[in-house]
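You will see two complexes here that share chain A, one where it goes with chain B and one where it goes with chain C.
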Partner chain A sequence: MGKKVILIEDERNIIEAISFILSRDGWEVKTHSNGHDAMQAVRDRRPDLVILDVMLPGKSGFDILQEIRDDAELGATPVLMLTARGQQKDREMAERAGASRYMTKPFSNAEVLEAVRDLVGP
Partner chain B sequence: MVTLNVLVLVCLLYVAFLFAVAFGADRAALVGRGTWLRSPIVYTLSLSIYCTAWTFYGAVGFAARSGLEFVTIYLGPTLVMIGWWWTLRKMVRVGRSQRITSIADLISSRYGKSNTLAVFVTLVAVIGLTPYIALQLQSVTLSFATFAEADPFTDAPPSQQSTAFWVAAGLAVFTILFGTRNLDANERHHGVVMAIALEAVVKLFALLAVGVFVVWGLAGGVDEILARIDSSPIARWEVPGSRWVGLTLLSAAAFMCLPRMFQVMVVESEDEDHLRMAAWAFPTYLMLMSLFVVPIAVMGLELMPEGANPDLFVLTLPLRNGQEGLAILSFLGGFSSATSMVIVAAIALSTMVSNHIVMPIWLWSTGGGAMVSGDVRSVALLARRLSIAMILFLGYCYFRLSGGGTALAAIGLISFVGVAQFLPALMGGLFWRGATRSGALAGLGVGFVLWLYCLFLPSFGASEIMPYSVMQNGPLGIGWLRPQALFGADGMDPVIHAVMWSLLLNTCTFLGVSLLTLPKPIERLQGAQFVNVFQHSQTPGSWSGGLARSEDLMIMSQRIMGASEAQAMFSKEARKQGIAGYLPEPTPDFLQMLERELSGSVGAATAHAMISQIVGRATVSVEDLMAVADETAQIMEYSSKLEAKTEEQARTARQLREANEKLTQISVQKDAFLSQISHELRTPMTSIRAFSEILRDSEGLSEEERNKYASIILEEATRLTRLLDDLLDLSVLENGQVVLNSQTGQLSDMLDRAVSAAGVQDRLRIHRRREAEKITLHTDLDRLAQVFINLISNAGKYCEAPDPALTIRPQAENGNLVVDFIDNGPGIPTDQQAMIFEKFSRIGQTKAGGAGLGLAICREIMGRLGGDITYLPGQEGAAFRVVLPLREAATVQAAQ
Partner chain C sequence: MIGSRIRERRVISGLKQSELAKRAGISASYLNLIEHNRRRIGGKTLNRLADILGVAPVLLSEGAEATLIAALREAAARAETEGRAGAEADRVEELAGRFPGWARLLSDLARQRAELEGTVKALTDRLAHDPQLAASLHEVISTVTAIRSTASILADPRPLEPEWQTRFHRNINEDSQRLAEGAEALVRYLEQAPDARSEVMSPQDELHAFLEEHRFHFPVLEGAGGADRIAAVIAGADRLESQAARSLARTVLGQYVIDAERLPAEEMARAVAEHGPDPAAIAAATGVDMPTVFRRLATMPETEAGPVGLVVCDGSGTLMLRKPALGFTMPRSAAACALWPLYQLLTQPGAPVRLRLRQGEARVLALTVSEEVAPARFDRPALYRPHMLLLPDPGPEAAGPLREVGVNCQVCPLSDCEARREPSILGRGF
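So, the complex of A and B:
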């Protein structure tokens, strides 16, 4: 039984790519493409891992991360943040907000897999 | 035969007539009538007090004794009058602008309102003029005596002393009555001036009448008299050149320095311009006065018995020839000459004595100055009246003391030399800024002492006051100190000797001491006021009125000027300042005006001192003021420099701040832009990289999957290319480097092109009205098409209506082409409408392909084309309005 991962990302093609990679690795991938109800989707899915884009329509990835960390049940869920803005400032903000891992687009597929495996553990 | 009684009666009648004239003139001036009082003729006639009894009687005596020498006495004043523009005009202007009351006041005022100097000048004037007044008494007395001798009915003619006494007393009464009616010397003595003008006419007429009688009645015509003159001793008199020059100079100096001349010339002057007429009229008067002097002298010498007093030829010639009427007229002429001189001299001297000696002493002795109880006004008037009486009494005393024997002209010259000592200080004060008070005092002192020693004391006669041994051998036997042969100048005429030494040493001392001493600030101030009077006729020393109490000033002014005048002046000033009531703010201007007003009554130095007392500063306060002013000026200059610097710094700081803000803003914008670019580039790159890796690494991909992933890579690569194109396009537009390529075309064609290029026909219905599109455009058609394509494809991409439709609605409006693009979607929320034209702004969920640069590019393009693109709120969906000026296209459309 693969671990559950939820991918919150608004770029259609990126969703497709990550879904493909993770599915092939045995993950059960769910996707969600806007910020408004992302939190609800996380609650519903109770994933082992959240992959979160920073720039989302409706709500910023940082805000969603904060909500996850503030949530009693979901607080410990590892979160991998993806961003297309590769500035130091964004990385710091992500770390402060409690991101488990931070990756800058574009990434190699191997990196993603490694990070995901790393975060969820054996 | 004229009896003495008849003469006395005529005399009294004449005096009564003068009284009436003076009284009438005063009244006329009071009610404001009688502009004739202020005519230049009256002014000129009043100047004729220069011609005293000395001239009337003495000139003939002078001529009989010394020939033509008497002309020098007329020559000096004539030269002064002709040169009025250079000296008299300045004196009169200064006198008027500074409210000068006397020559002592003028000199004191010029040298820092120094009362010491005023006192000194006053004393010299009194001492110098006492013989002169005595001279007038003597002439009247002599003329009385002449009549008495010829009067067979009088056994015991009145003694000369008693005649002189009664004349002096009468003159004192007349002077007091008309000379001290007004306290303010600036109100002028219209009555007195009118009376002396009348007397001027009488004496001229009398002398001319006698002259005519002598020439045509006695000599028998002009030819006759000329022949007699040629044969008389007068023609043989040789006058030494030095005496000519000396006496001319002396009379010129005296003309300007005599207190009575100053009185009529400056103080009583109504108008500076009167000098213009006086400049020729007065010399003419003098010429007429001297016209018959020589004939009368010649005939007198010829007809009168040996030993007859030549001074009285004017009187004795008609009398001896039985012309009693003419004799009486002649007597009245002499009487007029004497009285007018005495009256004016007494007024002038009394003003000086009371202003500079009595008032200061009184103010000092009462301790509290102007603030003590009691009417200063009445004190000042009393002081003047007593001064008049005293001056006439002094004249009488001199007359008695000198025994009345000396020739008239000699006495006159003594006085002239005395007052001429004022000349260096006066001229220096008017023309030389460097003249100082110390210089003036020293010069005057030296001149005065020399005059006393060389001329005045010896004039009483040998051994009278000056011991004979001193006259002969000098004091203590020192030969070069002999009074009439100083420094070995032996054998000179005593008068010329005295004039030379006194004026020479006076001037040298004045110059020397002035050069060695520094003027005080107030002297500098006054010096500038005097020397440059024509540049700035107003504002002498400044007052700081901050501490002055108006009420005290008012109390003081009431005492000096009289209650009603003071109140009128104060309330007028208060009104001027916009204050109700009687108490104006003691502004420096007001204080200055007040000081000038008061100086008319009590003299400049006293007025200054009085105001000083109330204003709460010492008399020398102007010094402090000047120092303070200097300091203040420096501080102000310094602080204004600082201020300028501070301002400059503030300006620089502001500029720096602005620059910094701009830079920060630019930096923030740059960060945001880079961040956006990064995002827009990285996003397609992510897909491209991921799918490239998938295609390379993943095994077992179906053909379908391969195709799909390859398509995504291509799609994203295209997106990247488009993004880079847009960025470059925007960059070019923003930098203004775009080259517009104007063409003419139809709007409908453009829209056709745009709709097909947008490639949205399959998912967007487009509503157009072809007939409205018949508008010819002249612009960069490609750029405009780019805008239209953008708007149409945007509608295609973002219109979320179930059945998306776009209405394109063109119209020509006010010379503009207006094209609205309205879709039927949800539109753009109000709060985001302002942002949509910004770079990278995207509304709602992004769909692949939009980098958020389209509308930014549209806005730039429309700006370049001279038009605009705006969001049009309140339509059914998202609505954009494109506005483009039609220019010549408008006329094309109108023609269709």
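So, the complex of A and C:
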């Protein structure tokens, strides 16, 4: 496979665990842990998939998602949103902002793998 | 009324007036006058009528306790709306008269049930609306996610390089410690929390529940004579249970009426249509003072002015009016974040501020202005009420850089904040 994924998340230990399982699954994983320059990181990496936490220091995941969707070149990139709040309100916000898929913490590794495989395909 | 009760009993017993009169040894026309409360009766006639009707004379002369009857009727009506019809509501007085003990027990149980339902609802509301609780649960869930993910890697039968294994063991150890601290903080917070009922039902909370129910908009108070209609609005408000809450509501609605007179709905709608929700332009166009324009904007229907938030405090910084909007959270009871530009007006009441704010995921444009509620005297200074209006964020080009603010310190994740007055319960960084 060797597809590229960028994981934007601020919990160090979640980053380590998720990058490990994705790498083992054949993904080329880059990580980024703050909101400020997340968009630049996405531009630099040109990933096949973005995994994006909602609560980030510096900038909200919803804002970053909006910027991705508004970008002419990156607009169509699949984005998997992660959040610790399963509230309907958040789900609606994510859908409105154009999230490809939405996952509520605490998720299992298998769920993450299934979601990223679905979003990018073989 | 004794006559009415005789009539009610007679109808319940299925007796005709003439029949009852005959058996009691009085004329039908006399009984008719009695039943219409035009003749007083007592003594032997009353006893005879009570005997024939099969009730205690005292039930006819005094009736059952009116509040008890009302409570039973209410219980029956409530059961019926819930689809459990079948209580003989027309015989409620008979029940209360014949079995006063049972009737009282029934009414007590109905009241207790309603109270318990209220408590359950209050607790549910608390989970949904308490930012403190939501934030510390978020912290716990985040940690649990890390542990779950790491643990399942370690449990995987596939071989793991020793280096990774060591790292994941260390992570899980760190996270379990964080989880223990987070859970402990949560338990401490829940134990400290005041009695749920009194917390949720503070007069301020009652007032805000009432205002939110109306979305801060009261069309009935607009136009001439609005002041005369305040009492009716308050009387009809189920949310305002305590005397204190009703008194607060009277003050807020009184201000609403004054504002509506200064800046009538039609004029306001025209100004918003022309200038958008821009308080400075509206104030210039209408000649009305800025705090009034703030309040009118915040109390307009969202369909006309878009989402508008407002928070008003007094000279002590206590929040008096809170209308959250645009995802900007305001604490329910405790003081808010000292970085809110609202508080700058406490030291410089004459210096309004226009500033973009970021609070967690929410971004808003904040405008502040102070209202002088009492002029200065030699025995005390002028009294001010700072107002902060929240409008949709127009972006950095239109309004400059963002200021990062919180809700209050307890739920604030910002580290190295010079304005911090107490540690966060979020654990991280403390």
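Remarks
Simple rule for what comes next: the second predicted complex is superposed on the first by the 121 of 122 C-alpha atoms of A that agree within 3 Å, B and C clash if a C-alpha of one lies under 4 Å from a C-alpha of the other, contacts with A are read in each partner's own complex, and residues count from 1 in each chain.
Quick note on the criterion: a residue touches a chain if its C-beta (ideal position, glycine included) is under 8 Å from a C-beta of that chain, and two chains touch if they have at least 3 such contacts.
Everything numeric here is computed off the predicted structure, so don't read it as measured data.
In the superposition on chain A, A:84 makes contact with both chain B and chain C. Touch criterion met: A:34 reaches chain B, while chain C stays clear of it.
Within the superposed three-chain model, A:14 lies in touch with chain B and with chain C [touch as defined at top]. Within the superposed three-chain model, A:106 lies in touch with chain B and with chain C [touch as defined at top]. In the overlay built on the shared chain, the residue A:60 is in contact with chain C alone; chain B does not reach it.
On chain A, the surface touched by chain B in one complex and the surface touched by chain C in the other have residues 11, 13-14, 16-18, 20-21, 24, 55, 57, 84-85, 105-109 in common.
The touching residues of chain C, when paired with chain A in their complex, are 134, 137-138, 141-142, 144-146, 148-150, 152-153, 158, 164, 167-168, 171, 174-175, 360-361, 363, 413. Chain A makes touch with chain C in their complex at residues 11, 13-14, 16-18, 20-21, 24, 54-55, 57, 60-63, 84-85, 105-109, 112. Contact residues on chain B toward chain A in their complex (touch as defined above): 671, 674-675, 678-680, 682-691, 693-694, 697-698, 712, 715-716, 844-846, 848. The touching residues of chain A, counted against chain B in their complex, run 10-14, 16-18, 20-21, 24, 33-34, 55, 57, 84-87, 104-110.
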